[in-house]
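Structure, as structure tokens:
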């Protein structure tokens, strides 16, 4: 049974979301979840997964897993090892880690085998439809040009969000769509939900905020 | 000041060297180091680094780091985050994670900046010479065909080892050379040292052994 | 208006389909087309495209184009340059040249802009459905394990072909499906058509045949 | 026996150096060679190689070859096929087509086997030294930041050129060094030669010039 995140915080590889700071950010996310009841999931770096898992009970996702079985794959991300560290799911095909179509398919099969929540990222309406055919738990549309731009996709390019949802649901209307890129506040989240998105994916808006907990509180305030 | 490992255990992505088992294997490596005085280093998966660092005092290496600075690099290995988890160095360009020449150079610069031990892997004599020009702390020659073969490079292809050492030292005679591929016992290690190698790099020979501690004890027995 | 190939010969990078031999093979394909009336298309190496275009009138496809515009992309395949050499279309995402999802999408957009026939290759039923959502002119399913195996997908794994067609048509029933891998004779072609495929994609069965023209004649004999 | 180009024109994938225009540019290069006696080589796109080879007698290089043997490598550049089209050599590892270290080594071995001139590109002083250890016919240093910048490496960053030559020659003093990036006129070429470079590699300076023949004449004017 997949999670139902309304907000996914992608920790990426920022200093502010590495190591001890990552742990602190994870705790903030859990606190805001506990207070608001809004489902928040986090995607820290692999190296920080276990320490974060040990301190929070919200869903923790990998930023990427490799489509490999245990064996000799030096330097790759073994799904089973990340599961032992406690992941509940994984981002797949983020625009900063774009994957071959065949690899995306293999990774989704792995997530199904292990009952991991799959968040398949897409970069436009057409590829979102293709992603829908692969049947992930969630599709997260993020126009690359708006990532970390400060311009929220849900407010500045609302038709991308609504047209993506339409395109995805024409293929499979049971797949919830998240949207991301430029999301920084509660109004952006509300706009996304009003367009039919199930939630949002964001990174710098929270991670690089001076007061990330305040941003998290604002993000959930209009849900 | 770089470490001086005689034996590096690459944990790769085997089940036997993931999670709790990785921690146990690391402890065995430390125990054998403590008893024998032989420098043993280990290279676990990123997800296991911190938990292993917390329980052993021998050098712990990453299997790979990406040539990136903190920022938006979803799914990549941030050097600073791995350092916070406690790595002392990193493997670079393992044949299972082969890198572009420009990336190898960038990674070595990062290791120098942060005083991390760099173990630059090479696949043949010619590329070992090229590696020497990049001035890493160690060069580890591993003919891919012999990896996990059961045929020790130091015994079955001794001229690869000695010719690699000669080629490396012609470029820079202060770079120690390790050799790997097929190493499983103390005789293989002794043969490597006799050929002029400073030590060995191995994986399955230890990781997949029924009694990995016994193998480790044998590996150091003739040094 | 896209071509309607029943048989596509992928020349790959065999000696038997390079240079002068490629030209000869192209002429054979045209002769068999002229005699049989069956639409045959060929996909030679880029370096041979122009010389082949100069001697045959059947559709000539690139094996790959890069999603780039004219500019500074040393070593890549510029669509406009291949068009000037006379291509009518291109293979996309062959299992020997697998592409990132975003790149596949970009390439299909280029083929639409320039009215090139797009043959989007897929490796299994699931990815075929994803390909359908990208709306290429053709989808060509080729299970990698059967490529060059001598076991025709249409005879040995018929359910892969029929299930792929069903999966593609559930997304978009106007996209014709080709099948490939292991096809070597007219019976294999007939089996493919009987399963609902519009045609076949093959390589070694023709290219490496002692008498490639005879094979081509056999291939069209039961259509 | 390798060629001795003083000037290599990399045609890249510009419109101005594709198809018929590529042929015209090649003819200009030959004319300027014939008049001046200066060795000029050209590196057109693969698709244009044969048509250009048919009209000029100056050295023609590939922009890239793949380290493959004849076989099933859809979409790759087969060395033997490019040789049949008439190449005399190849660029390797251009910063727009960066390669893994092991692939560079394999390609150089192919060039040696077939007596092709190898122009190994490097991006800085350190990687140039590594390239020297691989023993190509030429090393061409091109700082990526200056490519197509209008700032000639030989005039704006002369110490990169001279330090590269020193670093290369410390490894192997028989390898001639070319330099590139930002070269547009005869003064840039002269500056390069004065620094000890054997010649220059350039692209946009000639390809995108309004009168490319005049630029070529100027380029050779001070050699």
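Every chain is named by a letter (A, B, C and D) in the order it is written, and numbering of its residues begins at 1.
Just so it is clear, contacts are C-beta pairs under 8 Å (C-beta built on N, C-alpha and C of every residue); 3 or more make two chains touch, one makes a residue touch a chain.
Treat the numbers as computed from the prediction; the structure is a model and nothing was measured.
Put simply, the chain farthest from subunit D by mean CA position is A.
One simple way to say how far apart two chains are is to compare their mean CA positions; for subunit A and subunit D this gives 44 Å. Here the spacing of subunit A and subunit C, counted between their Cα centres, is 37 Å.
If each chain is reduced to the centroid of its CA atoms, subunit A and subunit B end up 34 Å from each other. Each of residues 95 in subunit D touches at least two other chains. Taken as a contact graph, the chains are arranged in a single closed ring, with each chain touching exactly two others. Interfaces, counted as pairs of touching chains, are A-B, A-C, B-D, C-D. Touching subunit D in their complex are the following residues of subunit B: 93, 95, 98-105, 122-124, 126-127, 129-135, 167, 171. Residues of subunit C that touch subunit D in their complex: 10, 12-15, 18-20, 22, 43, 45-51, 63-64, 68, 70-78, 80-82, 84-85, 91, 94-97, 147-148, 203-204.
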